[in-house]
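In what follows, subunit A forms one complex with subunit B and a second complex with subunit C.
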Partner chain A sequence: MSSSTPSCFLLNTAMSKAKTQQPAVIHKVIMVGSGGVGKSALTLQFMYDEFVEDYEPTKADSYRKKVVLDGEEVQIDILDTAGQEDYAAIRDNYFRSGEGFLCVFSIKEQESFQATQDFREQILRVKNDENIPFLLVGNMVDLAEQRQVSVDEATKRAQEWKVSYVETSAKTRANVDKVFYDLMREIRSRKMEASRQNNGKQKKKKDSRKKKCVIL
Partner chain B sequence: MCVEAFSEWKAESGLEEKQEEYVDVFFRMHQWFMTSEELAQAFIDLYQGCDETITCSMVACPHLPINTDCAIQNFKKMICQAVRYWIRKFPLHFDMDTKVTTAVKRLSSLLQAEGNYKLKELVDVSKVPSYDWMRNMSVRNTSWGKHSRKVSLVFNHLEPKELAAQLTYLEYKAFRRVHFSDYKNYAVSASLKDQPKLERSIALFNGLSQWVQCMVLSKTTPQQRADVICKFIDVSKHLRVLQNFNTLMAIVGGLTHSALARLSKTISCLPPEAQKTLMDLTELLSSNNNFSNYRKVYHQCCGFKIPILGVHLKDLISLHTALPDRVDGNLLNFRKMAQLAVILRELTRLQGQDNIPVDANMDLVNTLRLSLDLYHTEDEIYELSLAREPRGSLSSPTTPTKPVVFADWLSGISPPDPNTINKHVHDMVEAVFKNYDHDKDGFISHEEFESIAGNFPFIDSFCVLDADKDGMISKREMKTYFIRANSHALRNSFKHAFHETTYFKPTFCIHCTGLLWGIIKQGWKCKDCGINAHKHCKDLVVMECRSKGSKRTESMSNVYLNPGVGPHDLTITAKRKISQRHQKRSSPSHTCQQSTQTEGVVMRRTSSLRVMNSSAGTQHNHRDVAIIDGEYYEEQALLYERLLKAEEAREKLIEENSRLRSKLEVANDQISLLKSHIGVIRQNTIAFILEQMDALHMQRDTEV
Partner chain C sequence: MAPRNAPPLVTGVSPKEGPPGTRITIRGENFGDDPRDLIGLKICGMDCLLSAEWKSSSKIIARTGPGKGKGDIIPVTRNGGKGSCTVGFRGYFLQIGPLQESAIWIDESQTVRPNLDHGRPSAAIAAKEEEDPLAILDESDKPKLTEEELLEMFPEASGNMSLENFSPGWYLLEHHQNGSFDDLKAGLNFMKRKASQRSEGPITIVRSNLTAILDCLDSLSGMYEKYKEDDIRGNCMNSYAVLLMQAKSCADGLFQEVLGRKDKADSTRNALSVIQKFRFLFHLPLNIQRNIQKGDYNMVINDYEKAKSLFADTEIQVFRKVYKEVERRIANFRDMLHKRLRDPHNTLDEQKKLIRYLVSLEYKGDPAWECLDNQQKWLIELLDDCKDDRIEEEKNSLQGENLAASQNSLQWKPIARVSKSPTKGGISRESSFSSLSSNDQQAWKFRTPQKVLFVEDLTELMLQNFPDFWKLGQSYFTREKSEKGVKIDTSKHGKMKQMMTEVISLFANFVRAAFLPESLENLPEAEREKFGKWPTPSKQEHVSGTWLPACVRNIRNCANSLSALDSHGDTMIVLNELAFDMRTNCMFSLLKQAIADVKSLHAKETWVVETDDELGGTTQLPALFENIVNEAIQHLHEVVVMTRPSEPEIFSQRPIQKEATTLCSQLLQAFSHCMEQLVFSPPLHKTESKHSVKIIIGQDMELDQMEDPIPSMDKRLIIMLSNCNHTLHIVVPRIIENLTKHGYVEMEKALKAAQETYQELDQRLFSSYIEQKSDPILGAMEPNMYRGGFNWKTWKNPSGVRNYLKEIIMSVIEVHAEVYSISPKFVLRVMRKITESVCEEMCRLIQCVPDFNASGAIQARLELEALRTTVRIYSTDHIESCFKEAFECIPELSDEGKRVVRKLLENTQSSMKIQLMCFHDDALPAPVKLNTHADSSC
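For the complex of A and B:
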């Protein structure tokens, strides 16, 4: 499952290009899941490849990063809901701003896997969109000996939801880049589809006008 | 141990060099990395071991306390000064944890044994002030509570400013109790288990948000709902002035929750300036750019303020995850310590604010506290929202709705424990009686009750509270009701033993008052108390299971069949059923529907005596209907459609209620007219119904 090498390559190119221009496209990703499943760890691993000494969590841009996604420079904006899992009331409001969701659970905690069902439902309710970019992420795969949630179980749920399932480890960095890049690809194709539909509508309107002209 | 020794070394040299900052951070934060007891023990070990670790430069030094130039003695002195600094600056650590106190006492006796009396005085822990209030969940601070000012306790009359002030008071009380260890455990374990203070604070936050949603959704028309939203927007404005960001977040979060945001009809009733204010506030609190708007404004604010706890919790967790506890072998990561200290020092400082700019009105606080304790799930509220303004047919259906599972969402948050609730209920009821029992006779009359009910979106009618049906609510009755209502939310002592039942006569649902339709297994009946409900309503029934009073409950639901029952037994529900029955009887004929509806309305408003008359009048009708009910149900689809129509009409009626009341005179005339109608109908019922049946059959045939 480890396909982090191509992603790492992409990342490096991102670094070199980053200074040249301001990317216009921003993909908004939201990390959801119960407390203690490693949402922050995944986010931080992705944001800062290596160990950061003076990490400052209150800065405005500490969750934003420029990356190259299949040759195109984009920005990713991650909202980490850690620490606010229990503030159920505002969770709804967070979800609204998201374009894609990483739904994280810990493979060594059955409860956190059960909770993903609720998160999924709430997200669908808020977004009112069955095809919202969404990835089911089983974290802490480095602690496989304590595994409580089987791959089959998780894959089955992912299939039910028609999303993909990826197992990660924030500690060993396995698949960390993969989940973020996969999700960004989904968001991108989703956005393209939306704009194409808009164009399509306009075209249709033109067509109907043309037809009218013919009739007249 | 090496780590701690190193840190202490630094701490001590810091003390001598007057590096206050460093030492402060160390003592403030040590609990993040170890327990205070461990730290105290480390000091003792250091003290005992210093004979070997430190070499005294003086020749032939006996290392006695009198030798002031002895390096070992100086070192011992430094240790004691460090401990003294700890005791003086953070007495809280010693008061909250007896183990560390014992450890320091051990050091003290060690000094005693060495005859080091001067140093012993430095580590005296006996004068530590008490922090009792931190330990208890809710000790009342009496200095704020003395107010004879009489304020209306009713939401509708309450000034937004007053409400904002009292909410701030509640919030601050919950916030100041959250302790260092709560923050730490939450950041490390990400679970609320065994952290009741933080849990209480979060429960208050969620309760408030839900209360906002419920208050809005409890109104029936879009305009009324918009008015409530406006009021809460006003409250938010005042909260912003008070710099209470946490409560502001809870209310704005409630107002922009999808359960309210989807109510397009209601939103369109909002005045533009209210919409703009709400948008500005949402912008202020938005999570964009890592809450940059909030952070900016927050840092500009001076004086009393309450931070959004969740945001700072997130910062703590991120820091904790990003930076390791120990670096360079086994040394404490001081950079992490310092960064955490920045956040925690600020939080502790804010908790110590004594310039709270609001006067508490304990009566109001108690009422609010109880309102906020009433516990609903996200799904329940959303379903209520769907019921108020159903989804447009165009929007695609979302998730397949699964049955409402109680307390499913907030698995981390348990509802407040029964003792807390009992206490809150007690305080609230006392407050209500103090302010609303105008004649001081210890009972709440019907009129007095109406004005209170506005605070509680889903309170039952007067009759439900008045358990002994004497027309008055006593203190005991009200307490019992609220405690039951709460335990209903907890779903433990409130279960009905429902089982599927086939009814042989028309029966109505206790919850929605609609007919239990079908030929067999029309509904569910409780084995113990005998109440009946639809399958989909049975989980929503807000009536306690009174197994002993089963007969009375049954007679209540059948009251329209038995006019002999005392007039007080006629509940609103029963009256509504009668009016419904009228509609159903008249809807096939389409002749006098309007007038019948009017009568229904009037009936609900007039004295129970008149209702009794009417119900006596309908009794015959009812029997007739019962005879042919079997045939009726063959036309199930048609009937159900009609039933829906009738229920729709009922909804409309309730809305038109107030307008129609002004037309009471006209309506009375219509009643007398209608009474003669009833007479005629009664005589011709059989023929009439047969006619009906034929018509229906024909209708069906043509459809087929």
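For the complex of A and C:
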């Protein structure tokens, strides 16, 4: 056993790697937002078409599946993070690997809307990128009668941040696919832009490095 | 196992990382259709199938194993085979600091340095760790290699410089992947410089602050000097010490009370905790009491045993005191148990239990043995009491009976006797008892013999108590064998056996004393006295045969069930012998009683003849006789003949066999005596008895009583002859067959003897009957022949057969009718005999005539001829020769004479036609004809 397991393990990883590498493009989406706003619900609705009624705080869940984005087969990798403040310290680490963010709040909970501000700031600090693909998502629109956050209010904030605002319902699956696909499109266009820039940027980078060296 | 469906695919994991034992939800597709489809699950290379919980084909919940680092989640299903995953799980080990709580044991040797005091400098160094020790700026936006990829490259390594498994390669790849070799070299130099700076650090500080340091030194030495001076001048230290002592005592004084209280509280608490800790012991006396009351003896014993093992040799005063109390209670308990054990009314199980309790309580001595002893004594006492009671009652009842008898001897004695002689044969003796019981309750009570009750009681006592006693004895030895092999005592075995035998033989002797006193005759008088002397009633045998079978049944049952206890032992031989003796005794008694009954049968003759086509007429007597015999056989069948497996065959012993055969033949022959007596000396009916009969039997009998029940001698003779014949040919063989069927041996002998007897009786009866019948006829012949001065020589006018001859014929017909009415079978036999003697006499009379005249010759010839033709069918050679001789004496007739004779004969025959018919055709006796005959003859 002890001798065969490692080789087997290596083989497995090689295989899974081969598989995962086939649709080369992976879009890494990170769900952020306060606890209990429905990040996991949105994710599970998107991934498995199921709505989970009972609430169980998430620590950090990982999902990945093939999707067809505008005729192109890509993989979406969703990192569902913890909303609770207990895990705030480890968010940095997670955010670092994210390529696009769905910032979720609950329209029936003002605090969750306010918290989006903090998340936005933290993301920007970690990614150090004003134009990081980002969507403001107002969830639980199926419970509109308990609404505390008005559409105007949210739209205003989205405009401030220069992002789009979408209202969803994980329960009714309203706009669920839309938010993920919209974000993926943004990520894709962002990546294409980045690769375009890369060709011209290569030299600039070297310069800057040299500059820094000089400073030191 | 060929995978038919798509392989499972894991697309989601929640959470994606965690320490071993994390509960993770795995989502994906094709996880199978039911829990059994999931046949494998690996997380980070660790098999987690055991903890896996299949929820749906897209969801599994499992707990991670001790896998470390990032790894795949691979489910295996029955139909899909080995699966793959798009997401992975990262296992890590929590590093728990020295101040953190942890539910699991942490190996701290790696993370915590043994000299924690010196942790500071290293921590300081770590804190001082710069972001970039090589001072090479990384220009790229982000590292190309992710942490996971690095982990794969350097398993078990880390890029953290402060950890032991720090891998420089990791670090360089992580941070300076794009740096050129020159850059790295420069970085190395930088680091070296930094390091040297760090080690030089303290010296430079000293150099730059030299004056200040020297100042410090100076003032320190000054202080030292000053202190030294102080010390020389006075021992200020001492005064400090004194002051300190004072302060201490003061403080002690202040807190003494509080401290004392605390001590007291402590000791109280200690005591309480001791009591709590040993509450078992302290509560034990009470618990014992309670459990004894509840009857939970096992509990008591267990507790006691526990306490004994814990506290038996305790040194502690309190424990010893309590333990003593416990001992005291246990001793009481033991006594109580012992007392209960002595109570013989306990059941076997109870006794066994009690003995077990006593043994486990270490009762001194041998409780089981005591119990056995006790039981035996009790049993003997019971038997003894029973015997005494019964004898006493017997005596009382005897007295009472005598009293009653003397008081109403006129009244109920005859009742008893009369009712014992039922008018109809079908009534058995038992039913006569019951009919009596309805009449006279008192009499019934007296009639159930005390001996029978005694046997019933005795066997019941034995059956109830002895098996328990026996089993107890058996278990006593087996227990000793199994528990303490050393302690088994063979002498007790013998003693036990002796005890058993004592009880059994006592029982046997009691029974013998009651029923077979003769069998105890060779015992000394004193001993016999012990077994009970039953008063011997002056009247007939006291225990009637009817009761004996029941007694025998009881005894046999008892013997049987008791022998079952000890199938191979010899203890029960006595019992079996007793049973055997009882059986033989019963058989003999019953047979004797039957004989007696048969002998007294003559009292029951009613002389009512019942005619049967085949058998001829008989009275009920033979049937009664058969009944009695069959009844006796029936009674004896169960008791005597049916042998149970363990018992000896009753006829296996020669003397018994002989005796039985003799009794049987006596029984068979007894009837002959009875019949003989009936014929020759019939019982005289008493008028008073007739009255009673009328009262009891009722209307039916009254009619019978009207005519004289006892017929004349010759009628009796012929009836008994018929009975005898019937008995000889039908009843006896039937009885013999029955007897043989029931296993009686040597019945041929009995049959032969009986046949002889009955033949003899038959002969006697027949000859006396013939005598009875022929005597008057013959005696009347001669005077009648010569009546009216008749003379053969002077006879003138032979006008026909003379009256005397007609009279003779009529008498013969009368006999014929009588015999025919009783039994047609005898007609030939009797008639032949009678006609023979009549013809003989006739011939003799003719031969004696000295001379005939012509008319006389005609007359003689006519009469002889008439007689001859009349009795032709009964004719024998002897009769024929007689007639021939007679005819020779008469002178020859002339033709004229012959003619006259023929004519006159015809006349006579035609005139006596009806009378003569009974001589014509005896082969076809029609009952109607018979009746007309009888009428005409009368």
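In the analysis below, the second predicted complex is superposed on the first by the 161 of 216 C-alpha atoms of A that agree within 3 Å, B and C clash if a C-alpha of one lies under 4 Å from a C-alpha of the other, contacts with A are read in each partner's own complex, and residues count from 1 in each chain.
The definition used in the following text is that a contact is a pair of C-beta atoms (placed from the backbone, for glycine too) under 8 Å apart; a residue touches a chain by one contact, two chains touch by 3 or more.
This one's a predicted model, so the numbers in the text were calculated from it and none came from an experiment.
Colleague: Can you tell me whether subunit B or subunit C touches more residues on subunit A?
Modeller: Between subunit B and subunit C, B touches the greater number of residues in subunit A.
Colleague: Which of the two partners, first being subunit B and second being subunit C, lies in contact with A:35: first, second, both, or neither?
Modeller: first
Colleague: After the superposition on A, what does A:97 contact: first (subunit B), second (subunit C), both or neither?
Modeller: Both subunit B and subunit C are touched by A:97.
Colleague: Is A:75 touching anything from subunit B or subunit C once the two structures are fitted on A? First, second, both or neither.
Modeller: second
Colleague: Given the touch rule stated above, what does A:118 touch, subunit B (first), subunit C (second), both, or neither?
Modeller: A:118 sits against subunit B, while subunit C stays out of touch.
Colleague: In the superposed arrangement, does A:58 touch subunit B (first), subunit C (second), both or neither?
Modeller: both
Colleague: Residues of subunit A that sit at the subunit B interface in one complex and at the subunit C interface in the other, please.
Modeller: Shared contact residues on subunit A (touching subunit B in one complex, subunit C in the other): 40, 44, 48, 58-64, 79-80, 96-97.
Colleague: Under the touch definition given earlier, write down the residues of subunit A that touch subunit C in their complex.
Modeller: Interface residues on the subunit A side: 5-6, 8-9, 12-13, 15-16, 19-20, 40, 44, 47-48, 58-65, 75, 77, 79-80, 96-97, 205-206, 208-209, 212-213, 216.
Colleague: Quick check: in the complex, which residue numbers of subunit C touch subunit A?
Modeller: 11-18, 27, 45, 58, 71-72, 74, 84-88, 135, 137, 139-140, 142, 146, 152
Colleague: Mind listing the subunit A positions that touch subunit B in their complex?
Modeller: 34-36, 40-41, 44, 48, 52-64, 79-90, 92-94, 96-97, 111, 115, 118, 120-122, 124-126, 128, 130
Colleague: What residues of subunit B sit close enough to touch subunit A in their complex?
Modeller: 186-187, 189-192, 199, 202, 205-206, 208-210, 249-250, 253-254, 256-259, 282, 286-290, 292, 295, 310-311, 313-319, 321-323, 335, 339, 378, 382, 395-396, 398-399, 402, 408-413
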